[in-house]
Amino acid sequence: MSYFSNIYNGIKSLLTGMSVTGKVFLNARKGTITQQYPENRETLKMFDRFRGEVVMPHDEDNEHRCTGCQKCEIACPNGSIEIIWDRVVNPETGKKKKEIDQHIYHLGLCTMCSLCIEACPTDAIVWAQNYENSVYDRSFLTKVLNQPGSKLMDGVED
Amino acid sequence: MDTTRVNSNFKSEEYFINMGPQHPATHGVLRLLLTIDGEIIKKVEPDLGYIHRSIEKMCERDSYQQIVHLTDRMDYLSSHINNEAVCLTVENALELEVPERVKVIRTIIGELTRIASHCLWWGVMGMDVGALTTYFYGFRDREMVNDIFEETCGARLTMNYNIPGGLMYDIHPNFIQRTKDFVAHFKTKIPEYDKLLTGNVIFQKRMKGVGILSKEDAISFGASGPVGRGSGYSCDVRKHHPYSALDKVTFNESLKTAGDSLARYEVRIMEMWESLSIIEQLIDNIPEGDYKVATKAVIKLPKGEYYQKVEAARGELGVYVISTGTKNPYRLKFRSPGFSNISLLNHIAVGGKIGDLVASMATLDIVVPDIDR
Amino acid sequence: MNISLGITKTIHDWLFSVMPEGLASITEMVLIAAVYLGVFAVFGLYLVLLERKVAAWFQLRMGPNRVGFKGLLQTLADALKLVSKELTGTEKADKFLYNLAPYFVIISALMALAVFPFTQEFQAFDINIGIFFLIAISSIGVIGILLGGWSSNNKFALIGAMRSGVQTISYELSVGLSLLTMVLITGSLQLSEIVEVQKNGWLIVQGHIPAVIAFMIFMIAGTAETNRAPFDMVEAESELGAGFHTEYSGMKFAYFFLAEFINMFIISAIATTMFFGGWLSPFGITESLPWLGVFWFLGKTLVIVILMMWFRWTFPRLRIDQLLTLEWKYLLPINLVNIVVMAFIVWQNLIIQL
């Protein structure tokens, strides 16, 4: 007798399984979860906290907030941040002060751990929500974050 | 009549096959050296090391804050739990008391991670036994969890949300609502999982009585997590050594005594339900407070040895630190669940068919970077 | 309105008027073969597209939608890619058998198409042992798979090929016996006559309970015969990589691939002819337009094809020993009992005639 109940239960379980996929099949038009990626570029919006790449925001006067304290360079586990700095004499006060020449960011080495941004005392670097990071040559992955000719914003201290 | 001579005419030869490192069923770059007689497995030798990145050695180089993000890359499906393990070790060593809010958030995200990991496992499990559609259903639900993570932590997989002393940021304002939505959604989906795969007669036949692991063997092989619990070995770290907010919630340890592939499968399905119930208990009661306590910029652990274990999605993850009082650990050892679990593959697969090997390997839920580190 | 019939008749008459009889019939055969080859190669490609689309709809996806309008040219592009690909192979392969294998598979698949009546008198080859021919031809394909697996000098391929041999030999029985059950009603092996019989109701209605059982057995065994999931032991992606065609590339691989889909079409077409009235319309609603039979035939066949795809994208794969258990312990005994029941029904004239 168990022979027939086995067959019955077996067929029943198969039909239950088919009902699940069948339901999805019938709702295929609206149930689709695929994103049409290159087409939806315009509407695709990343979350605010998305870690795309590290950028250094500049204001309209081409001023950034980086004092060159190198805390981000120390915090980085992979050595993806290099800061080239110099001590420059401030013409007004006459004091020698650290000033960045180049804030170099190697995107190719970055693991997006966010430690540099947490370490930054002046919020000079932030995450950008840029998700298209692929380039044709890896030399493009080495970026200089401060714009040429930019200088430190007034009033920003360590 | 000389029977040995007669038999030698029909002597079947054992042969040897390389399964992997590039094989659909080995989930990455695991290489299995199989000795087979026809379809019957005689011996399985896992050959590891294809994705070894010397994470433990790198940890000796890095500061304690930096170690956390390396653990994301071990068992990438339970990255939050890995992070938590390192953070708990450091906090215990420093005797640092983290705020209640941090503990609760860590536990919620940890359980979400477990669900996401089991979703992926369920999909891949179905795929390994030949039902390709399960993969997409598992991923549909995992995507929702990943969206929650992305909104709060900024990343989907390698989140690095924990820091020693708390969390990197506070939770996103949408976090609670999204989590509730997910819990409501997922409660309707687990029965669907059961209908599609668990109850299926073919699946039952493939799983039942296959890859049997006794409780004694589970203990002696060092099995942990759902693999050990499927054999009736009560080894849930969350239950026996509760950490974070897990001592405030009530949940059952998922236990099955059969020890076969089906038992391991069912334990994971039960764990999804338990994780949902833990999340439900905590999500409305996140206490107010700080999301981190201030630590020194350079963390130096006092001289000594520290061990902390947590229940990762695959089993017991232990972090063992020897500190000499400097800012780097002298030695850091991860006791990863995957490494112990893969060691029993030979034990459970011998005597089965090739199909059984694939099915029981899927129930071990292998993540190769976790095995190799 | 005998459009299709008119065309074939005109060509037939014209051929016989311009050349001697022997040459004319050979030319006619070659012509028909070329037309079938062309039509079914394209049709097979579109079955692949259908499979991919249906799979996507089962899996919350969209399926191919980039090449051509809504992805309609996708598989043509794939075929083009496969044609232009390099033919690789293993060094120690048995070259002759290795090259022969794909042709065995594809030719046996195409040969079976010859006997199907697509509509009234629209049939390339109306032989009086049609069903027998189909069963015979469909078992030749497995020789190709065995040759391919053995000669490519790859252990995975060999395991796949051996599984295929075991599987096809076993399930051949069920396919044959379930069709035999229906032959008891029709009393003929000729496909055109089998369809004629169904003018009084499709055979699945005429034979009621045993016919439904026979249909279920036929669908299970037929899916196994085409080596599709849940019986895809031969390929078993998660176990054997790609199974018997691991070492094939380019067009040779495409032949195996195409043959699988044509075989699926053949199994569905047999089911349509034997159980669902072939080209007959339901309740004879389009009886006055025989050329619409093509539409009904293809429609019914595609429904069964989609049913087979539904199986494939829902069920897990069986293990090889369970596969044999299913055949020898369940399908075969039930089938034998079913034949006796059917014989009794035919003897007592309990057939439902509409």
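Residue numbering begins at 1 within each chain, and the chains themselves are lettered A, B and C in the order written.
Throughout what follows, a contact is a pair of C-beta atoms (placed from the backbone, for glycine too) under 8 Å apart; a residue touches a chain by one contact, two chains touch by 3 or more.
Bear in mind the structure is a predicted one, so any value in this text is a computation, not a measurement.
K.L.:
If I average the Cα coordinates per chain and compare with the overall Cα mean, which chain comes out closest?
P.N.:
B
K.L.:
When I count C-beta pairs in contact, which pair ends up with more: B-C or A-C?
P.N.:
Higher C-beta contact count between the two pairs: B-C.
K.L.:
Based only on mean CA positions, could you tell me how far chain A sits from chain B in angstrom?
P.N.:
So the centroids are 26 Å from each other.
K.L.:
Could you put a whole-Å number on the gap between the CA centroids of chain B and chain C?
P.N.:
The separation of the two C-alpha centroids amounts to 45 Å.
K.L.:
List the centre-to-centre spacing of chain A and chain C in whole Å, with centres computed as mean CA coordinates.
P.N.:
Between these chains, centre-to-centre, one finds 52 Å.
K.L.:
Tell me, which residues of chain C touch at least two other chains?
P.N.:
In chain C, 58-61, 313-315 touch at least two other chains.
K.L.:
Can you list the chain A residues in contact with two or more other chains?
P.N.:
14, 17, 20-21, 24, 33
K.L.:
Residues touching two or more other chains, restricted to chain B: which are they?
P.N.:
133, 136-137, 140, 196-197, 200, 202
K.L.:
Applying the document's contact rule, which stretches of chain B touch chain C when the two form their complex?
P.N.:
Spelled out, the residues of chain B in touch with chain C are 15, 17, 23-25, 39, 126-133, 135-137, 140, 196-197, 200, 202-203, 205-206, 353-356, 358.
K.L.:
State the interface residues of chain A toward chain C in the complex, per the touch definition above.
P.N.:
Going by the criterion above, the answer is residues 7, 14, 17-18, 20-22, 24-25, 28, 31-34, 36.
K.L.:
Hey, which residues of chain C end up touching chain B in the complex?
P.N.:
Within the complex, chain C contacts chain B at residues 55, 58-61, 155-156, 159, 229-230, 232, 236-241, 313-322.
K.L.:
Contact residues on chain A for chain B in the complex?
P.N.:
9-10, 13-14, 16-17, 19-21, 24, 33, 46-51, 71, 75, 77, 111-115, 118-119, 127
K.L.:
Spell out the part of chain B that touches chain A in their complex, as residue ranges.
P.N.:
Against chain A, the touching part of chain B is residues 62, 65-66, 68-70, 72, 133, 136-137, 140, 143, 150-155, 158, 160, 163, 168-169, 172, 192, 195-197, 199-202, 204, 297.
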